[in-house]
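The structures come next, written out as structure tokens.
One chain, chain A, appears in both complexes that follow, with chain B as partner in the first and chain C in the second.
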Partner chain A sequence: MPATAPPGTGQLTREQLLEGYRVMRTIREFEERLHVEFATGEIPGFVHLYAGEEAIAAGVCAHLGADDYVASTHRGHGHAIAKGCDVKAMMAEIYGKQTGLCHGKGGSMHIADLDKGMLGANGIVGGGPPLACGVGLTARVKNTDQVAVSFTGDGGSNQGTFLESLNLASAWHLPCVFVVENNGYAESTPPAYHQSGVDVAKRADGFGFPGVVVDGFDFFAVHEAAGEAIARARAGGGPSLLECKTLRYYGHFEGDQQTYRGAGEVEEVRRTRDCLATFVQRVTNAGILDAEDLERVDQDVRGLIDEAVTEAKAGPDPTPAEVETDVYVTY
Partner chain B sequence: MARNITYQQAINEALAQEMERDPTVVVMGEDVAGGMEAPGEDDAWGGVLGVTKGLYPRFPDRVLDTPISESAYIGAAAGAAASGLRPVAELMFVDFMGVCFDQIFNQAAKFRYMFGGRAVTPLVIRTMYGAGIRAASQHSQALYPLFTHIPGLKVVMPATPYDAKGLLIESIRDDDPVIFLEHKVLYGTEGDVPEEPYTIPFGEASVVREGSDVTVVALGRMVLLAEQAAAELEREGISCEVIDPRTTSPLDTETILESVEATGRLVVVDEAGPRCGMAADIAARVAQDAFGDLKAPPRMVTPPHTPVPFSPVLEDVYVPTPETIAAAVRETAGREAAAPA
Partner chain C sequence: MTTVGIVANPAAGRDIRRLVAGASVSGHAEKAGMVFRVLAGLGAAGVTRALMMPAPGGLSATLHRQLRAHAAGQGHEAAPAALEELPMRLDGTAADSIRAVEAMRRAGAAAIVVLGGDGTHRVVAKACADVPVCALSTGTNNVFPELREATVAGLATGLVATGRGGPGALRRDAALRVEVDCAEPDLALVDVAASREPFIGARALWRPGGISDLLVTFANPAAVGLSAVAGMVSPLERGGGRGLHVRLAEAPEAAAITVQVPLAPGLVVPVGVAAWRALATGEQVDLPAAGGSLALDGEREIERRPGARATVRLVAGPLTIDVDAVMRHAATKGLTRLPPRV
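After this line comes the complex of A and B, so read on.
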């Protein structure tokens, strides 16, 4: 896995690059801000941050339209943002407010917006891959060219649901792409301990479809590999597996003391491989975007996140009567 | 026009008519086609008991055999439901819920609530339950109380061919996840069933026999046994009102309470176990809401708190019978058992 892949920027237009950067920067700012706000005690429940992994969500979802779907994980904020969910409504949801994307019924672990093809963050590790197969089945039966992407962590890749879904997607030749975000730890347990075989990607061989390892810090590498896998699925070529090697910058959850980490582990990656820093370096070196372009995005994103937090805090709580609504469509 | 057909035929007909009516209805499960891409595909099996026989040749693109992989395909059915299909997924035996329960109760059941009302999951899981064919501990359970416990799931358990067809069509057209339980002993029972499609609303109990002395609430196959007990008790001068709730979620408590108000006595017959089952649930509701009407303690007729045994001798002891039901009714009515002839 090269530390710096060839630029590859020539494949992408200026607009596409700006959009990729905007998505990654939005995720980073969203998560970094949540890290700060969570420490104040104002955010209820569990929050799992995606910071460090932005290139994956951005690189994959760049190829998806609103009627394509993603099934996400407990670390789902990045996927939701990259899939086009309303950032302010997401923040309000994380604060448990009525103005939240799920009206305060879901929280961080269940952010969903089916109108945007976001089939939900998921509190169950390995809960998502079968759902993605279902979307693939819908596309097949309705004869559309929709694609379903299942995001899973390295921990989730050991669940039976993941392996069963690889088999089902292959048996039914479904338009599914399984993206494994191998972020260094299944909660506190490293892949070297929990994972058989060197690469999760190799497991695809046993199911008869392509599996590739990608540098998950490299937006361009993810973009290219995901583009191939998604195009293949869309064209009726069946499923693929992408294993993106990455590292999460924060704990399994906010409040995790991370005593299991190596000293300086995150700092080293932030310094040498950070997806945003390497992206900036490459697009500016290539002369496609300049510092001003990027600073404009940074400013917009900072403003958006500031407003999102302010509005989320000020937003109304759900009314007590809402505890009993939305259980059934009819009863 | 009504004909006399079996419970199994009624289910098959409901599936065929709904697939005909709605191109988004998909039938999937282990062996539901029963030989896709096998040498004998032309005469595909249609399920282990042939309940879905004939659907695959008629709807080859929408009847799908699955790998033996319940987590994946039940989850896929949930994902398909959330993205625009109306899947009818078959879980061959309800006992297999253990290998896919997460996809049912953490995924499908919760989408609507967790997502703030902004999702529909029109999923039906058809599944076979119940003791009586010596299928032993892992193929004989009556696990419907576990589903009934989960908010977001509707739970349907028809006792007759007529109810099976009408409730299955209702289930397929409903926008919530429905667990549709078919008692394996009932598949061959016959009854009058209209040929045309019709629906039966959820949460409306059927008063299958009117009576004035004791209210007997029975579920699924137990309805038939309760009717037999009631016929015997009638000869002894005890008049039973037999109520079949038909759906355990939603549950028609009103009909039960009204009946108990009139009779003052309640017996609940449940093929599920005595702990945290429907019998306990219904008895508790009546005790809470109609205590003043009760002339005697509610009684529960259930199997013992054991796995379902294999030996015919033991299984016959395990399952409630018309005799054990009648004994409970006599006890609550304060009557001695009839002297042996």
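After this line comes the complex of A and C, so read on.
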């Protein structure tokens, strides 16, 4: 098997595969570690973990540059990592430290880094799509080739903000991609109880742009479909909707008792569909990456997350004198 | 009591071809409308019971609203066949359709109406044995099922199910049996494509690049999709007992001919063909062992490790209802005439 893909197939290079794996592994390690650390009571506020959904953030953001935008959700760590935010500063932010990405003022649900095009995790369900329309409009008015991606959950896709954004993006021909991470539960409610129809993607039909469904556990499927949606937006083809079917491995928030889940639901998915396990199996089967390549990434990531937690814990708290800094903006 | 099965795939019509080409969309309301129209046709032909795979939320709600509205209607039209949903758990995968078809066979279904694309029909064909299938397309993207009015399809299926289909009612279609290493054999109804792409990505195949071999059960130049490549070089009738093996050119210089082919609705691309030859029923083709992926009926399904043995054999496929032939027979024999008024 040649290490490079045959021309005209849109297949990934070895370097792209390694980078996709590194992003997914970093998110997984970051979230699994937070799951452990949150239980100690040392982390202020709520955390909503992205573990299980890594292929989506990694597959989508692989096509975005630093000047493209993402608008995230309350479950935003994965999007921030995939968009290139500093992992140590993210961890410090979640610990509420002065060294954090937002100097400890944002915490898990408001991590943002405008320099990286990360418009922020968002405590408001359905809060991201209108932001994507806003930056999308900026890109269109300024005639740049920037693209705006919003992430929304299945619950968020029922919000008026989501549907209003689909309408605006279509009416204004905005370079927006609406990614719906359908992880099976709006907090604790399965879609059958709150959505008419099985696919959120069908909602795009009503606004006159394409909506497609992919397996959100499959990095390759997300990567290919997102690549086409983003290229379409960049070329002036307007908005599209990408629904990724997935499952989160932990509760809605850390501490959620998850009494709404079926028995063995997460274990079964972890065993048969996990995005990292299937990725490893497929790239090694194809003979493009070997176990050593992947182990090197694992080691680097483990070291990075260890350092991030140690440094976050040791970092200084914001001082009372800073209570108003970075909070108000004057135009 | 005559029973007919109905499989309506709720997930059909949402793949990447909506994004990269101009493929049509088929929403729940349209699928529910199609099922309603099938029921009307079946009922008029004397079918009393229709067994359906349970439909999720939106499709089911729309269908039942239509049936209730009909029940409150004028009453001069024939009553639709009574709808019964199979008592089965759905897990949202192709396995649902397999289990549904097996349950329909156990319940004595005399025919099965399938609403979906090539992929849905492929899954049904794995489980339906010799129960006749009425193949209905829910979009413009398909080769095996026909795009036709569901009421008439229901009528024709009802005539077949009640033993009045006539001599030309059923066609024995072909299939391609695919074996890779020791894995469970798989089936394709239209085409198998061997690609050098190692990963199956977003499944639906819409790029010709990297495809080395194409095997088809029939070759219709008026089709959309990969089988149209075969159709453009050597048209081959459906159900004729012969297939075609086409080798695509690795580079433009290696092409014996280059044909323009609609690979998806709204997407016409040049495809270089190196060679082609006929394929007899029972004949086996060994695919190059270079690794890569296999697409069955336009969906990338199987990733092959380098060196994996992969064979394709042309075999007998499902029995398919020829709606035109059945309706011609019915008209000729007066089967659709009501008794004269007295």
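Quick notes
Assume the second predicted complex is superposed on the first by the 317 of 331 C-alpha atoms of A that agree within 3 Å, B and C clash if a C-alpha of one lies under 4 Å from a C-alpha of the other, contacts with A are read in each partner's own complex, and residues count from 1 in each chain.
Everything below uses one rule, namely that a contact is a pair of C-beta atoms (placed from the backbone, for glycine too) under 8 Å apart; a residue touches a chain by one contact, two chains touch by 3 or more.
Remember, predicted model here, so these are calculated numbers, not experimental data.
With the C-alpha superposition on chain A as described, chain C and chain B fit side by side in the combined arrangement. Here the vertex is the CA centre of chain A, and the angle it makes with the centres of chain B and chain C is 120 degrees, a multiple of 10. In the superposed model, A:12 makes contact with chain C only, not with chain B.
When the shared chain is aligned, chain C comes close enough to touch A:229, but chain B does not. When chain B and chain C are set side by side, the one touching more residues of chain A is B.
In the superposed pair of complexes, A:199 makes contact with chain C only, with no contact to chain B.
Once the two complexes are laid over each other on the shared chain, residue contacts for A:214 go to chain C alone; chain B is not touched. Once the two complexes are overlaid on the shared chain, A:289 sits clear of chain B and of chain C alike. Shared-chain residue A:180: touches no atom of chain B or chain C. By the touch criterion defined above, A:47 lies against neither chain B nor chain C after alignment on the C-alpha atoms of chain A. Fitting both structures onto chain A leaves chain B and chain C with a minimum C-alpha separation of 24 Å. Contact residues of chain C toward chain A in the complex are 10-11, 14-16, 18-20, 25, 27-28, 56-59, 61, 92, 195-203, 207-210, 290-291, 303, 305-306.
The residues of chain B lying in touch with chain A in their complex are 24, 26, 28, 61-62, 64, 66-67, 69, 71-85, 87, 102-103, 106-107, 110-120, 151-152, 154, 174-176, 202-203, 250. Listed in rising order, the residues of chain A touching chain C in the complex are 1, 5-12, 191-192, 195-199, 201-202, 205, 210-214, 220-221, 223-225, 228-229, 232, 240, 243, 282, 285-288.
Within the complex formed with chain B, the residues of chain A that make contact are 69, 71, 100-106, 110, 112-115, 119-120, 122-124, 127, 129-138, 141-142, 146, 148, 160-161, 164-165, 167-168, 171-172, 325-331.
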